[in-house]
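The structures considered in this document are given below.
You will see subunit A twice below: alongside subunit B first, and alongside subunit C after that.
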Partner chain A sequence: MDKPSPYFSNLKCRECGKLYPKEAIHVCDFDFGPLEAAYDYEAIGKVLTRQLIESRAHTMWRYRELLPIDGEPTVGTQVGFTPLVKADRLAKALGVRELYVKNDTVNYPTLSFKDRVVSVALSRARELGFKTVACASTGNLANSVAANAASAGLKSYVLIPADLEQGKVLGSLVYGTNVIGIHGAYDQVNRLCSEIAGKYGWGFVNVNLRPYYAEGSKSMGFEICEQLGWHIPRHTVIPMASGSLLTKIHKAYGEFTKLGLVDAAPFSVYGAQATGCGPIAQAMKRGTDIVKPVPKPETIVKSLAIGTPADGYYAIHAMRDTGGFAEDVTDEEVIEGIKLLAECEGIFAETAGGVTTACTRKLIETGKLPRDESIVICITGHGLKTQEAIVGKCGAPRVIKPSLREFEEQVYNPDAAAATA
Partner chain B sequence: MFPTKLITTPVIWELGQKFKVITNVRQASVNDEIGLVSLSLDGEREEIKRAVAWLEELGVKVEPVEIQTIEG
Partner chain C sequence: MPSVLIPTPLRKLTAELETVSAAGATIGEILDNLDAAYPGLKERLCDEAGNVRRFVNIYVNGEDIRFLEEKATPVKEADEISIVPAIAGG
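Showing the complex of A and B:
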């Protein structure tokens, strides 16, 4: 058993502030509010400096004092510190001065930002003595739990809707996890997961381990600041499913400011969703913080298709409090977004990345995002995971015989090329 | 979550009358479009299941407090 961390002090209800011990619990007994990790910032401030962080390995664990585990990380120790790409060509295409892409398409090991949250959840699960971990997911989370549990020697169960596409199922099965397809509506699957977690004492990463899991997302915000030379970007555009990532990047910027690791500066966070399932964006546009559930999401962006977003309310407040906004885009715009990012920056994002890129364009065109200030867009998963979304949308190879004449006739005419040069 | 058409129906009172469950509202927010209530139900497992089924039949969306256990 690890000694309790001197920095990660408690779990705390986000509604009433009641403190709880650091166990596998996630809702407040009193008001059912979500529990969140709380820290002793004074103690952290005494030890955590830019120099200390810079001296550590290039992983998300270089900010370990601000992550909710007691000892050293034991799962996903290589995760994070993905590139922050200065995206000059995309900036030019969008007509803005300074744009960066936080590229979690190359996050290790399963090519999505979910490796961040899972490495924290499973490291904590081990500290709490769990031998079996589980999740309910439609894709990225399942892949990440399966892979990270395999490498940690934990037994894992992945619950998925019974009609999920084969490609996504394979990305979990390969790691030797137990994949369970469940017939029924999402609400019923939700209820089953809660019952299993309660009855068998499994560590469900997004149920009873949720306070730990969610904190992993902060590392994306910490990295952005460090990679910008210890500055908070003026504007950050973040995809929203549950809304958790947006609230945690907001929290990360706040924590770095509080600790003096970055100078206090105004920043705004913006949320991106697909129109076919955009309950948070639509509430934001209506000017309310009551998020109306979407009973039947209809979009190609499966990884953001959460009809009842758990952190929607908090995401709206984070956007509102920082002067940000939310936008949503159609499936056609998503595909254009994927292509734009790929053609300008050589980054192949999954559909959620298309959402973020297309929403950024819309926010710029509508004047919500200014053209002359720094913007970071968060790209959270690799395009190889959702290839079916763009099949037939990117043209086809031209096929010729192996003859130079045919090549010059059909592909490259040197005279015509010289004339247009 | 209550749809608008149920706003004048005393759903929670009826629930307590029809089923052997103890109801306790922990949190609520209501506007002219939707009502969200965090309700604790105490009772026999089967009775709670029947109560939830009745609510759903009425058009109320019922979720465990651990909403959104499925993620992308």
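Showing the complex of A and C:
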């Protein structure tokens, strides 16, 4: 058993503020509000400096005082510190001055931001003595739990909607995990998991370990600030499924400000969803914080298809409080977004990245995002995982015989190229 | 009388009963009558201002009262009311 962290003090109900011990619990037993990690910022402020952070390895664990485990991380120690790409060609295409892509398509080891949350959840699961870990997932989380559990020697079960993309199913199976496909949408998978969690003494990363898991997302916000030279970007566009990532990036900017690691400055957070499952964006547009569940999501963006988003309320308030907004886009716009990002920046994002790029374009065109201030867009997963979405939408190779004559006639020939274009 | 499904975490207050009956023409009246029969139940379901708590869902025949008339939602004799804590995840 590790010595308790001097920085991570308690779990705390987000609704009533009641404090709880740092166990595998996630809901307030009085009012059912979600529990969240609480820290002793005064103690953290005495030790955590830019210099200390910069002296550490380039992983998300360089901010370890602000992550909710007691000892040293033991799972996912190489995760994070993905590139922040200055996206000048995309900026030009969108007609804005300063744009960056936070590129979690190359996060280690499973090519999505979920490695951040899983490394915290499984490091904490080990501290709490779990031998079996599990999750309810729309795909990326399953991949990450399977891979990180394998490398940590933990047994794992991943529960997913049965109709996920093949790349995401295979990308879990390969690690030797137990993949359970459920006939139903994500919300039904999630409901089943909440019934299973606790019953068998398993650590469900996004159920009974959710207060730990969710905090891992803050590292994306910390990295953005550090990579911008210790500044908070003026605007950040973030994809939303449960809404958790958006609330945690918002929290990360607030914590860095509170600790004096960045200067206090105004910032706005914006949420991006698919129109076929956009309950948070639609509530935001209606001007309410009551999120109407989507019983049957219909979109190619399966990774964001959560009809009953657990953090919808808090995401709406984070956007409102910072002067941000939300947008949603059709499947066609998602595909255009994927192609635009790939053609401008050489970054192949999954469907959720298409959502973020396309929503950014829409927010710029409608004047919600100004053209002359810094914008960061969060791209959270790799396109190789959701290839089905764009099959037949990017053209096809031109096939020729291995003959120089055919090459010159059909390819290196301005007239032929014009004819086939 | 309408029947009310009580979730597991609140059954300590209803002597472990899974389903109870409560009189009332609206959800608000039913909550008051439930609290009279099972003291302490209402404060778990409603905040100080009397509004249903954010992470508590109340359904009348499967419809969330937030999209009906909230606490003024009318209830008929044969209606089924379920109280379900919100589920975290994702």
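The definition used in the following text is that the second predicted complex is superposed on the first by the 399 of 421 C-alpha atoms of A that agree within 3 Å, B and C clash if a C-alpha of one lies under 4 Å from a C-alpha of the other, contacts with A are read in each partner's own complex, and residues count from 1 in each chain.
Keep this in mind: a contact is a pair of C-beta atoms (placed from the backbone, for glycine too) under 8 Å apart; a residue touches a chain by one contact, two chains touch by 3 or more.
Quick caveat, the model's predicted, so the values are computed rather than measured.
Asks: Consider subunit A as the common anchor and indicate whether subunit B and subunit C clash or fit when overlaid.
Replies: clash
Asks: Per the contact definition in the header, classify A:N140: touching subunit B only (first), subunit C only (second), both, or neither.
Replies: A:N140: touches subunit B, not subunit C.
Asks: Of the partners subunit B and subunit C, which touch A:F32 in the superposed model: first, second, both, neither?
Replies: After superposition on chain A, A:F32 lies in contact with both partners, subunit B and subunit C.
Asks: Using the superposition on chain A described above, determine whether A:I238 touches subunit B (first), subunit C (second), both, or neither.
Replies: In the superposition, A:I238 touches no partner, neither subunit B nor subunit C.
Asks: Would you check which partner chain A:A352 touches, where first means subunit B only, second means subunit C only, and both and neither mean what they say?
Replies: In the superposition, A:A352 contacts subunit B only.
Asks: In the overlaid three-chain picture, which partner chain does A:I364 touch, first (subunit B) or second (subunit C), both, or neither?
Replies: A:I364 contacts neither subunit B nor subunit C.
Asks: Applying the touch criterion given at the start, work out whether A:S303 contacts subunit B, subunit C, both or neither, answering first, second, both or neither.
Replies: It touches subunit B, and subunit C stays clear.
Asks: Could you look at A:E15 and tell me whether it touches subunit B, subunit C, both or neither (first, second, both, neither)?
Replies: A:E15 contacts both subunit B and subunit C.
Asks: By residue count, is subunit A touched more by subunit B or by subunit C?
Replies: B
Asks: Take the contacts of subunit A with subunit B and those with subunit C, and give the residues found in both.
Replies: Touching subunit B and subunit C on subunit A: residues 15, 26-27, 30-33, 136, 138, 186-187, 190-191, 193-194, 206-207, 210, 241-242, 290, 292-293, 306, 308-310.
Asks: Using the touch definition from the top, list the residues of subunit A that touch subunit C in their complex.
Replies: Going through subunit A, the ones touching subunit C are 15, 26-27, 29-34, 136, 138, 186-187, 190-191, 193-194, 206-207, 210, 241-242, 244, 290, 292-293, 306, 308-311, 313.
Asks: Over in the complex, which subunit C residues touch subunit A? Could you list them?
Replies: Against subunit A, the touching part of subunit C is residues 9, 44, 47, 53-56, 64, 66-67, 85-90.
Asks: Which residues of subunit B touch subunit A in their complex?
Replies: By the definition above, subunit B touches subunit A via 1, 26-27, 29, 31, 33-34, 36, 38, 40, 61-72.
Asks: Write out the stretch or stretches of subunit A touching subunit B in their complex.
Replies: 15, 26-27, 30-33, 114, 135-141, 161, 186-187, 189-191, 193-194, 197, 204, 206-207, 210, 241-242, 288, 290, 292-293, 295, 302-306, 308-310, 352
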